[in-house]
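Think of it as A, B, C and D in the order they're written, each chain with its own count starting at 1.
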C-alpha cells in the first residue's frame, strides 16, 4: 500500500507521535510505503512531499510541532482544489491519505472523501471540542500546562492578596478552562457555553473575601462572554497595527472585578504556551493509537472515517458525522466544577 | 447527612483530591457533616477520626499522600471486625461511609456492604487493574513519572551504547509498562500477562543492533516472568535481613541479555517514585469527580456501589462486580505496542 | 536568643525555605526562640506575630509563597515607623531581626539598622539585580519557568511560521531575559540595559528569514525600551478602569516587527507565572543556606549585614553597600548571548 | 581557524549545548570551520569526524546526550595514541581541539597538551567534583532530578510509615547527595567524604520516630561507606553474570536500619535517570558560556587551559592544575545540611 500523511491547522502536541506511528505500523508491519506532504493540504495540492521511512521519524515521538509543517490552506480555497488533489493522488499512486487536523481539516477531508478519495482522518485539537471522540490528543498537554501555571499563580495571588483572572484557550468551548480549573482548585470557572453574569460572579468571589480569604483565582476561557446586558464588553478593538490590543475577556473582567470588589485584580493570559512543546504521556499514547488504527482502517478499506476514542477503545466514525457539531461542556460537567470560594 | 471517609492501602496520587472533593460537595452543597477516619479501616475499627471541614482540606488538592493516613489493616483481620465497624457507624450516626482504596479495600468494602453498612466505594490503584472502571486515578501520574524517566534514560543508553532494562510497577498487570513504554518509544515491552520467551526477546533486541542502532530500551513490569523453561529465573531469595536482595526481573533480564547479546546491559528499577507526589491534572480531575459522585450516590441512597469512569461519564457499579476480576492488558492493546527495533 | 523573621515585598520562590532554615538552625541547633511577623514590616510595626517552632515550618520547604504573608508596607511610611519598630523589638525582647526582601526591604532594613536595631538581612528578588550577591534565590526558578515556556513556544512559532515576541520579567534589568533567552536559544534578546534600535532588530530577525528559516523567537524584558527616536513607543496608557491596557513592549514590538517584516508576529506575556510556585532545587539550597548563615551572623553579633553568595561561599556584606546600586547585565555577558539568526 | 570538538566519557546534560555554542561562536562570529570527532578520543585517534555547521547543531540545545557520540577510549590506551592524535591534527589542519569531558578526559587533554597539541578543555561531570571550577554543567540537572524524586518519595514514605534510603550518584563525592538532600529536606544525608557510624545514624533516625514522626528519608551517595568496624559491609559481590547483585550501600543500610529501628525500611536506587535527558536552564547557560569562552581562548592562543566558573565569571585555568585533586564536600558545607529529624 502507498499512504500519504499530512498535518494541517494549528500546533498541537502529539502530531509527530501520530506521524511516527503511521510510519511504524505501515512500513514495518505491513511493508507499506509512506510519504508525508509538506505544510498540510498545501503539500497535497502542490505534490510537495517526501518519503517517510523509519529514520525520518526517529526521535520525534516526544517532540512538539510537526516535522511535516502545517498551514491553514484548504482544498476548497482553490477552485480546482479537489481536482488537483485527485490528480496528485492518482499520479502518486496513493491508496490512502491520512490527514491529521482539527475541525476545518476534517471538513476538507470529508469533502475529498465525498469526492471519492480514500481518506482516513485523525482528529486533532487542543480544545477537545470534536464531538465524535471522547478526547483528542493535545488536550491533556494543554490542561497540564494550564494547571501548572495555575498552581504557580496561586502562591503569588496569595502573597499579593489579589484576584487573578487567568485566561486559557477555548474560543468556542470551555474544556481547558473546566479541566485546568478543577485540577488547580480555581475559585470560579467561566466558559463560553454559559455567558456569565457579572453580578453573580462578583458575589461569588466576594463571598470568598467575606469568609476571610485573601485571594482568588478565576479561570476564564478566551471565548467566554458576559450575559447580554450584564456588563459593557468590547470586542475587536484594533491597535494602529491592526491587532486586537484590548486583550479580551480576562483583561476586561479584571478591571470590572477590581472596581466592584475593591480588591486588586490582575489578568494573566497564558496564550500560545498551551499549544506547543512536548506532549504528556497520555497524549503520546492516544496519538500513537490513532496513527496505528488509521493505518489499520486503510488496510481494511474503511475510508471516509475518523479515528476516535470511546472509553478505552479506538473506533472508526464517519467523517460526515464528526464534523456536524462541536462538543460543548454539558451542564452536568459544569455542575461538578461549581466552586467553593 | 453524616459521612465518614477513609483512605486505605498504598500511596496513590489523587487521594487528597478525593477527600477534598467529598468535603466540598458534602459540606458546601449539601450541608452535610464529614468525618475522616485515621489510617484506613483501622480508624473505623477504633473510632479514631477527626472532623473534616473546608479548612481541613485547604491546599491539599495538588499534594501527594493522604492527610488521613493509611494502613493495610482490614476489618476481616479482626474476628469481630464487621461488628466493631457496625457499632462505630451506629454510635457515630453515620449515614454513609466512603472508603477510598484498591482491590483489598474494595473487597473489605463489599464485605461491610453485604453486612448492611452504607458503603460507597472509590477505586484507587496506580496499577489501573480494577475491571469496572476505564481508568483509576494515580495511573496517569505513575505513567507520567515512568515516561519522564524513560525519556531521560534514552539519551544515556545512547551515549553509553547500552541496553537498559527498566522495571516499572505492575505486579499482576502490565498497564504502566504498556503506557509508559508506548509513550517513550521503548523498543520492547514485557508484561505479566504474557510470559516472555528469552530467545524471542533476545532476537528482537538483537535485530535492532543488527540494523545499526547502538542502544535499546526494554520496559518490563515488575511482575513479568519468563515463559516456563525459557530461562533460569529466581524468585524470593532473601538476604540476611529477610529482604529480597535479588532485585527481580530487570536485574535477571539484564544479566541474561548482556550475555546473549554481547552488549552492555543494565537494570534500572524505578520503584516507589512512581506512586507518590503531586498528581497530574488528569488524576486530579478524575479524583475530584469520583469524590463528587460518591457523595451524590450516598444522597441517592445508592449503597454497595463504586464510582467508575466509563468513557467520559462517572457511573456507579456494584462493589460485588468490581472485585471479581483483575483488568489485564488485552491482546489487542499489546499488539498496538509491539515495537519496532 | 530571640529572633524575629519577616518576609516583605513580592512573591518569590524560596521564601518559605529561608523561614524554615532560620527556624531549624536557631531552634534546634542553638536553642533559640523564633517568632514570625505577619505581612512583612507591617507585622513588626503592629507587633502582629506568631511563634515559629519546628511544626510551624513542617512541609513548607518546597512550597511557594510565604507562610508569614507579605506586604509592601515600609517603616518609613509611618512618621514614627522607626520608633514603633524599636519599641516592639524592646517589648518582645528580640536579639535579632531577619527581614527577607528585595531592594525596598533592604533599604528599610538599613534604615532600622542605622537606628541601632539588630538586623541581618536576606536578599530576595527574582530579578537577580542586587549587586552584593552573585545570585538571589527565586531567579533560578523564574528563569526555569521562562525557559520551559520558550521551549514550548518554539514548536508553535515554527508550526505557525511566526515571530513570537516573549515578554519576561525585569523592569530595570535583563537577567531573566538574558538567561532564559540563552537557555532556550532565542534568536534575539532585548534588555533594559541596552535600548534597542528597531532597525537593527528588524534586520537581525529579517536575516533569519532570508536564510530560509520560517520562525523566530525574540525574548524581551518588560522594562526594555527602544533607543530614543528609534520608534514610536507608548507608555502608561490607561483603560477605563485605570489599568495599563497597552500591554507594553512585547505588544508594541510585535506590531512593529510584523509591519516591517511582513511576517505574522505575536506577543506572549509570561507574567506572574514566573514568580510563584515551588522553587527549583538550586533556589531551595541557596535559600536554605541564606537562612542558616543569617542565624549564624546574628549569633556572632554581625548586624547591619546581608547574606550574599560569592562563588560557592555565603558571606556577609554591609547592608549599606548592598542597596547602593542595581546589578545590571554587563556588556560582556550580553555579548555572550548575541544571537545567531 | 579550524577547530575540532569531541565529547568523551559518560552522559551529562549540557554536552550538546557546548557543541552548539562552540559552532555558533566559531562559525558565525569568527568565520571558523568546526569539525566534530565521533565517539570521543576514538574519533580523533581514527580521524573519524564530520563537519559541523549551523544546521548540524540546529535544535540540539535542549536535548540530552551528545550528537557526536562518546566513548571511554583514551589516547593513552594506545601505545602510539599521542602520535596518532598529533598526526591527525596536522593532517586535518586543526588550530585547536576542544575536548569536553570529565576527569579522565581532562587528564588525556593535559597529556596531549603537554605533547604540544593546541587544547582547550571544557569540564563535564554531573558529580561536580572538578576542583578548578565552582560548578560543572550537568550537576544542576542531576540535583533537580534527584530532588523531584525525593519530593515524590516523601509522600509515599509518609503514607507507608517507612524509612526510605535513597541512593543518588556520587562514587567519590557527595555533592548530589548534599544538594538534593538539602533541597528536599532529607532527614539524614550520607556522603563518601564522611564514613558513617551506623550507631549514630540509627540514633539520628530513631530520634525522629521518638518525636512522633512516622517516616524518614535518608539520602546516601552511592560511594558512601560505614566507618571502619561500624557495621558489616559487603562490596563487589557478583552474580552469575558477573554483575554486582548486592545493590550497595542503600540496600545494606536499609536492611540494617530496619533491624535496628524495628521500622520498615526500603532502598530506592535512582540510578541512570540522574544523568540523562534535557538539561535545566542553569546547565544550558553554563554549558553555552563554556563553549563560547573555549572558542575565545583558542582565538587568543590560550592553550593547555580549561574553562571554569568562578563566581559569575568564566575564567581559564591550567589543565595541569585542574586534574590534580577532586573537589570534595568540605566540613562547613556538610555542617549546613546537618539535619533536623
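The definition used in the following text is that a contact is a pair of C-beta atoms (placed from the backbone, for glycine too) under 8 Å apart; a residue touches a chain by one contact, two chains touch by 3 or more.
These numbers come from a predicted model, not from an experiment.
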item: Matching chain pair for A-C (criterion: over half of the contact pairs shared, by residue number), options A-B, B-D or C-D; value: B-D
item: Centroid distance [mean C-alpha coordinates] between chain D and chain B, Å; value: 34
item: Length of the line joining the C-alpha centres of chain B and chain C, rounded to whole Å; value: 40
item: Whole-Å gap separating chain C and chain D, where each centre is the average of the chain's CA atoms; value: 29
item: Overlap residues in chain D, where contacts from two or more other chains coincide; value: 151
item: Touch-based graph of the chains, sorted into line, ring, star, complete or other; value: ring
item: Every chain pair in contact, whichever chains are involved; value: A-B, A-C, B-D, C-D
item: Chain B to chain D touching residues, read off their complex; value: 10-11, 63-66, 69-71, 145, 148-149, 151-161, 164, 214, 239-243, 245-247, 251, 254-256, 258-259, 266, 268-273, 275-278
item: Residues of chain C touching chain D in the complex; value: 20, 24, 28-29, 54, 61-62, 134-135, 140, 143-144, 146-147, 151, 179-180, 182-185, 280-282, 284-285, 288-289, 292, 310-312, 336, 338, 340
